[in-house]
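One chain, chain A, links the two complexes that follow: it is found with chain B in the first and with chain C in the second.
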Partner chain A sequence: MSYTEIFFYIFAVLSILFALLTVTRRNAVHAAICLLLTFFFIACNYVLLEAEFLAAVQVLVYAGGVVGLMLYVIMLVRKDEADEVRQSLGQRVIAVFIAILFVLEIAFISLLAYYGNYSGFLSSKMAQIGGNTESIGAVLYTYFLLPFEVVSVLLLAALVGAVVLAKNRIER
Partner chain B sequence: MYQAISPYVPVLILILLAVLFGVVTLLIAWLVRPNAPYSEKLSPYECGVEPLQPGKLRMSIRFFVIVLLFLLFDVEAVFMYPWAVMYKPLGWWGFIEMALFVIILFVGYIYAWLKGALEWE
Partner chain C sequence: MDVLMSDILTALIRIIVVFALALLTVAYLTYLERKVIGHMQVRMGPMRVGPHGLLQPIADGLKLFFKEDIVPTEGYRLTFYFAPILCLVCALILFAVIPFDAKFMISRLNIGLLYILSIASVGVMGIILAGWSSGSKYSLLGGLRSAAQIFSYEIFLGFSLMGPLMIAGSLDLVKIVEAQSVPFIVYQPVAFVIYLIAALGEINRVPFDLPEAESELVAGFHTEYSGMKFAYFFLAEYANMIIVSAIATIVFLAGWKGPILPGWMWFLIKMFIFIYFFIWVRATFPRYRYDQFMRIGWKIMLPLVLANIFVTGVVILFIGGY
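Right after this comes the complex of A and B.
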C-alpha cells in the first residue's frame, strides 16, 4: 500500500467519524465544531487527489465561512427555546430514500469515470497547461466568462437580501 | 537515496505538532494536578465577581450582516485565486474581467454602507 493510500484511508475514516459525530451531538455548538473537522478532512482528501483549488475553497469557504455562519445562527437562537424543540423531525423514511439516491449517484459517477473514460471536461488541455488551479483559471476567464460575471451579480443579490432582511430588525 | 516528498508533508507535521502540543499539555496537567473540586471552584470565573447571568446570550442581528459580508467577500477571494495564478497569460482582458467582477460586488458594499448595515450606535 502506498503512502497516498494510507493517508487516504486515515482522512476518509476521520471525515466519516466526524460526520457521524455531527449528526449525533445534542449540543449544537459541538455539532458545528465536528462539521468543521469533517470539512477539514475532506479538504485533506482533495489535496491527496491533487485538487488543490478545491481544497483551498473547502477550507476558505466551507470551514471558514459556512461554519462561522452556522455558529452565528446557533448563537442567535435562545438557549432555553432551543432545548424545548424536539430533536427528531420524524423524517427517517425520506432521509433513507435521499441517502440511497446519493449512494446510487456516486456509484454511477464512479462507474462512468472507471469504464467510460469520462475524465471530465478539458482533461487533455489541463495536462498541457499543467496544474489544477492554472487550468481552472484558463477556462473560467475565457470559455466561462459569462457565468463568472453572473456569479458576481448573484453575490450582489445575496448581499442586498441580507441587508434588507437584517435592516428591518435593526430598526425595530 | 533521495526521494521526493509531497510539499504538504510539512503542513501535516505542523498540524500534528499543534494538536500534540495541546493534547500533551492537557495530559500532563491531568496527571500532575490534585483533584479536589467543590462548587465554588467549579463555578465560572468572572474576574472575581459572582456570575450575574447565564453565559449564553443572544447575539445581535448586526453580526448577521457582518458574517454574511465576510462570506460573500470570501467567495470573491476564491475567484481571485485561479485568476492570480493565470494573471500573465490572461493579460489585460483578464484584468478587465476581474475589475468588472469586483466593481459589481463593490456596488453591493456601498449599498450596505449607505443603508447603515455597518453602523454601530
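Right after this comes the complex of A and C.
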C-alpha cells in the first residue's frame, strides 16, 4: 500500500466516524464540532486528490464560516433546553428518499469515472499546467460562466431576502 | 527509500527549529509587551526575576504549569478542554507555510495564503467554543462578541489581501515575495491600512479586544480558564500576532528582500516592526464600543476595500500583465 492510500483510509474512516457522530450527538454544539471535524477530514482527502484550492475553500467556507454561524445560533439556546429539544423533525420519508438519491448519484459518478473517460474536468494533469487555482479560475469564468453568474444572483437574492426579513422584524 | 528518509529528516529538523523558535518568541513577546508598555507609561515593567526581568516569561510559564486545573461545574468538560487546544494548534500550524527566507520554510504550498486564512478561520472556533463551554454568562457574551467580530473582520482581512494578490498573480507566498521588485505597500497603501486594522480585529488586540473587555466582561471567553489551558489561549494570541505580522511582511513589505543583510534577518526585522506596532497601538488607543467597531467595519472599511479591488483590477487591465 502506498502512503497516499494509507492516508486516504485514515482520513476516510475519520470523516465517516465524525459524520456519524454529527447525526447521533444529542447536544447541538457537540454535533457542530463533529461536523467541523468531518469537513476538515474531507478537506484532507481533497488534498490527497491534488485539489488544494478546493481543500482550502472547504475549510474556509464550510469549517470556518458555516459551522461558525451555526455555533453562533446554537450558543443562544439555553443549556437545559438544548438537552431536551426534540431530535427528529418527522421527515423520515423525505430523508430516506434524498439519501437514496445521493447514493445513486455517487454510484453513477464512480461508475463513469471507472469505466468511461469522464475523470473530471480538472484532472491533476491540468493542475500541473497552471496550478490548481489558475485552472479553476480560468474554467469558472469561461466554460462555466453562466452557471456561476446564476449562482451569484441566487445568493444575492438570498442576501436581500435576509435583510428584508430582519428589517421587518426590527420595525414592528 | 534513503531519499525519502532524508527528506523526512530535513523536514523534521525544520519543523523542530521553527516551532522551538516560534514558542520561544511567543514566550518572550509577553516580556517585550510588558516592558514596552511599561516604558511607554513611564514604568519599569518586570524587573524582579533575573537581570531586567529577563527570566520573567519562564517564571510565568512554570507558575501556570503548576496551577490548579479548574473546570466549572456548569461547563461542558470535553469541549472545555478541546477549545484551548484547537486555538493553539490552529495558531501554530500556520507557521508551516511562512517563508522566512527564499529557501527556509517548512513547506511550500501553492495556496499558502488561502491556507493561512482558512486555518485561522477554524482557530477562532476555539474562542467561541471556550465561551460556550465555560457555562458562564460573561464567557458566553465574550464568545458571541468574538464570533460576530471575527466573521466580519475576516472578510475585510481577506479582501484587503486581494489587491496585492491580483498584482502578484499567485497565492503562493514565495511567488508573492518574488513578484515584489517594489514592495506592494507602494501600490496598495489603502489595502495595507485596512489590513492592519482588520488584523487588529482578527487577533483580538486592544482597540478591538471586545471579546475580552476586562472592564465589562471580566476576561470574556477565558474568564473560567486557569493554569495551562489559560496559557494556551495566551500563547495562541501571541502566535497569531506573529503570523499576522509575518503575512503583512510577506504581502506588503517584500518579505526577505533587502540589501546587505541576509534574507531571514530582513524578514525578522520587518516582522518585529509590525509586532512593535501592535504593542504600541495597545498602549495608545482606548477600546472601541461595539457598535462603533461594527460601523467602522461595514460602513467604512468594506466600501473602501471593494473600491480598492475594483481600481486595482482596472489598472491591471489597462497597464498590462493579463
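Quick note on the criterion: the second predicted complex is superposed on the first by the 128 of 172 C-alpha atoms of A that agree within 3 Å, B and C clash if a C-alpha of one lies under 4 Å from a C-alpha of the other, contacts with A are read in each partner's own complex, and residues count from 1 in each chain.
The rule we apply is simple: a contact is a pair of C-beta atoms (placed from the backbone, for glycine too) under 8 Å apart; a residue touches a chain by one contact, two chains touch by 3 or more.
All values reported here derive from a predicted model rather than from experimental measurement.
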item: Between chain B and chain C, more extensive residue contact with chain A; value: B
item: Which of chain B and chain C A:33 touches, first, second, both or neither; value: second
item: Partner chain in contact with A:75 - chain B first, chain C second, else both or neither; value: both
item: Touching partner for A:159 - first (chain B), second (chain C), both, neither; value: first
item: Which of chain B and chain C A:67 touches, first, second, both or neither; value: second
item: Contacts of A:143 with chain B and chain C, given as first, second, both or neither; value: neither
item: Partner chain in contact with A:57 - chain B first, chain C second, else both or neither; value: both
item: Touched partner set for A:133, first chain B, second chain C, both or neither; value: both
item: Contact residues common to both interfaces of chain A (with chain B and with chain C); value: 53, 56-57, 60, 64-65, 68-69, 72, 75-76, 79, 131, 133
item: In the complex with chain A, residue positions of chain B that touch it; value: 8, 54, 56, 58-59, 61-65, 67-72, 74-79, 81-83, 85-86, 89-90, 94, 97-98, 100-102, 104-105, 107-109, 111-112, 115-117
item: Chain B-facing residues of chain A, complex; value: 47, 53, 56-57, 60-61, 64-66, 68-69, 72, 75-79, 131, 133-134, 136-138, 140-142, 145, 148-149, 151-153, 155-156, 158-160, 162-163, 166-167, 169-170
item: In the complex with chain C, residue positions of chain A that touch it; value: 27, 29-30, 33, 36, 40, 52-53, 56-57, 59-60, 63-65, 67-69, 71-72, 75-76, 79, 131-133
item: Contact set on chain C toward chain A in their complex; value: 74, 76, 78-79, 82, 109-111, 114-115, 117-122, 124-125, 128-129, 131-133, 135, 140, 143-144, 147-148, 150-151, 154, 170-171
